[in-house]
């Protein structure tokens, strides 16, 4: 169902591995079902996760842990900062780490990897499924899936959506993973809105051209805020050296202002992977188009769906069948 | 039962929110019951806690986790150092953090907050109960509750108790939370024993005056050790710049010495929130009046009682009814 | 069964406390049984562990947590870095810490202690069993047990085994704990292979002499690689100031090279406590004599056996009886 390269295991390593039927026939309806279900369940009773975060990412880690817990599974071990705390700090290779962890009979490993590419390396040697919860500046596939699920829940489709991606576009796994995934849909229109120094990478532009996704670059959100279905804001990653000039800080240029709200379509939505800073002022929260907290919550449902599909592959189809009746 | 401001949720944010009947009719008898019960139980089966500590406080965190575990509940996620590890480090507001965590369907959040006032802010936006496990230099309400429970267990009452509070009195949540709570009782006598530079704050003195609690200040424990029912020792918080002069280090002045033991009432007790340093030498432990380890253990029972009252409000009254028969 | 000094509790503090019948009649057969058992079980249902690591040691901690989890027990609280995060950082004595943790009704404490000797001190005051998961540069008894189990699984005996211990021999708990344990067997032959500056300590040499264990020192693995049944490699602990000269870095001298593999006995094995660095190149992994990942996995089974023996002492003998039928 979820295939990564030629492994027989359902690893989740990069966005591109997901085919559209997997999204529309499995992940999204399962996430819907889980979201609408009132009671908790025990689908994953007897399964054990290792939550291995080489770098802290409390939000992602808490949502995976809660997803496991709500399905009746167990997070048997959780580390927040393995790069600093584990033998990885003593120079151990990712292959050795995974081989050793494999000896401990967990059913699944959710990993945040410090180095780009380490999720794929981990999958190569692992005999249990790996879910990539972010690897360096490379990918963060479950973020892309929850982003798409959020768009799908709102619009009932992803094809023909117009998306403005705003802010620090050259530094993020999130943007990269999302853009790669959007390449699979048709009639998508992308507006990249960023300061000159934070433009999206050429690799992504080439990928989009190859997949015939229409894109343009802008330096003011005001120019296209009235056209977009989705305004996807991102944080300026000051910790990686990104800085805005006074001019770039003009409200509404790379941030949401009252004027943005005034010209946006009534049916459009504002998304953000969070945490946010000044790019979305707090007063925006009460606008019905503010969708970022819903988006965060969707992360739980998408991750629950993935865990279910990976750890109990028979249950998803069973639920689907019942839903169709 | 436990009301915080006008929220419909049973948050635990500050000491003052507790009315005396809540203590005497619910928390204390429930804690007694839990303490005396031999077997473990499953009262909280199916409930999930997020243990969110922005600053490390291993003792408080372990007691909350064990309390949850012993009642059959689950700590679904636990972070020891969220200020450093989570998106809080990227400047996220406490409101955003709580709103996002709210999306993950936990039943309760136990939080240690780096900033004074953040527990109250968290409660304002949260749709699940929050227990404040300490917010900056502001409050630590469950510490005050376990302190009172310890006094109550020993003396069968809190009214008319004479308490010496000794040591670093201007730096602690513990002292502040306890003093505010004592304002609710009658005929309390407080002796504040501290170096000039570590005197208790004027806000507390005014609060006590307003509630007609009698207090005096001393600079030598020896002067009143023979009068107190409770000698409540605290640690000099050197990490916040507090230092004792050689003179102030005289044994028995701001510490327990053999002479203190000699002049103390036979029925009095020595308390300490722990960790201790030189203010209570180890030989004191074998004195039957040394009560600090019992006090620490009482923290478990009080926290179990609170969790039960918050997460399964119907069970407490049921137990009370059975006990009365 | 497992006795530490005159405590009535089955603490695991140092290698020497284990008598050979405990190994051969209880720990090893139980570990075998657990390893070969297909299903998971609930032997430890209702038991609670505190995993108290003053210093990070993610591997040891994850294997204890998984061991508990696979047996149906609960890790009710886990800290990765208590030296930095807990009140230990505020100067609390190990006795106070243990006395307080004892008040929280866990059934067992697994502890990594920063200071040599603190595991024994902890056992002195604890009313629940303590398992030493390493105390300073002193001991790491469960590592020694899993090492012996690995040798036993391979050779069906430990007596008359020839073991080369290679690398940084004066810095490790692992080597110390293993050497002390080997003193209990007969006809053992030890080859210590290390740079002059990293020779094994005189205390161990004296212990071995006293127990009539034959040992010699070498400065080149090539000299005895053809004789050993077990080549036990260790990492040069650069973080403690150990450095190899260019000469000492010659492949095969204090590391495994192709030549080592060529001259080794076909039935011999290579062990390593891991993490490894350059002392075992990756190409060695595919040699059938590479045993270090098996060794790591054995750690899980040995720890499961110990937890079972300590927390449910009646179950082990019951299983043994069934196996004999």
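Order of writing sets the chain letters: A, B and C. Residues in each chain are counted from 1.
The rule we apply is simple: contacts are C-beta pairs under 8 Å (C-beta built on N, C-alpha and C of every residue); 3 or more make two chains touch, one makes a residue touch a chain.
All of these numbers come straight from a predicted model, not from anything done at the bench.
J.: Taking only the C-alpha atoms, how many degrees of rotation bring subunit B onto subunit C, rounded to the nearest 5?
T.: 120
J.: Please tell me whether the contact surfaces of subunit A and subunit B are same or different in residue numbering, using the over-half criterion.
T.: different
J.: Subunit A to subunit B: how many Å between their CA centres?
T.: Inter-chain centre distance comes to 40 Å.
J.: By the touch rule stated above, which residues of subunit B touch at least two different other chains?
T.: Correct list: 78, 80-81.
J.: Please name which positions on subunit B make contact with subunit A in the complex.
T.: Within the complex, subunit B contacts subunit A at residues 46, 48, 50, 74, 76-82, 84-93, 95-96, 99-101, 103-106.
J.: Which residues of subunit B touch subunit C in their complex?
T.: Listed in rising order, the residues are 40, 56, 58-59, 61-63, 65-66, 69-70, 75, 78, 80-81, 235, 239, 274-277, 282, 293-294, 296-297, 299-300.
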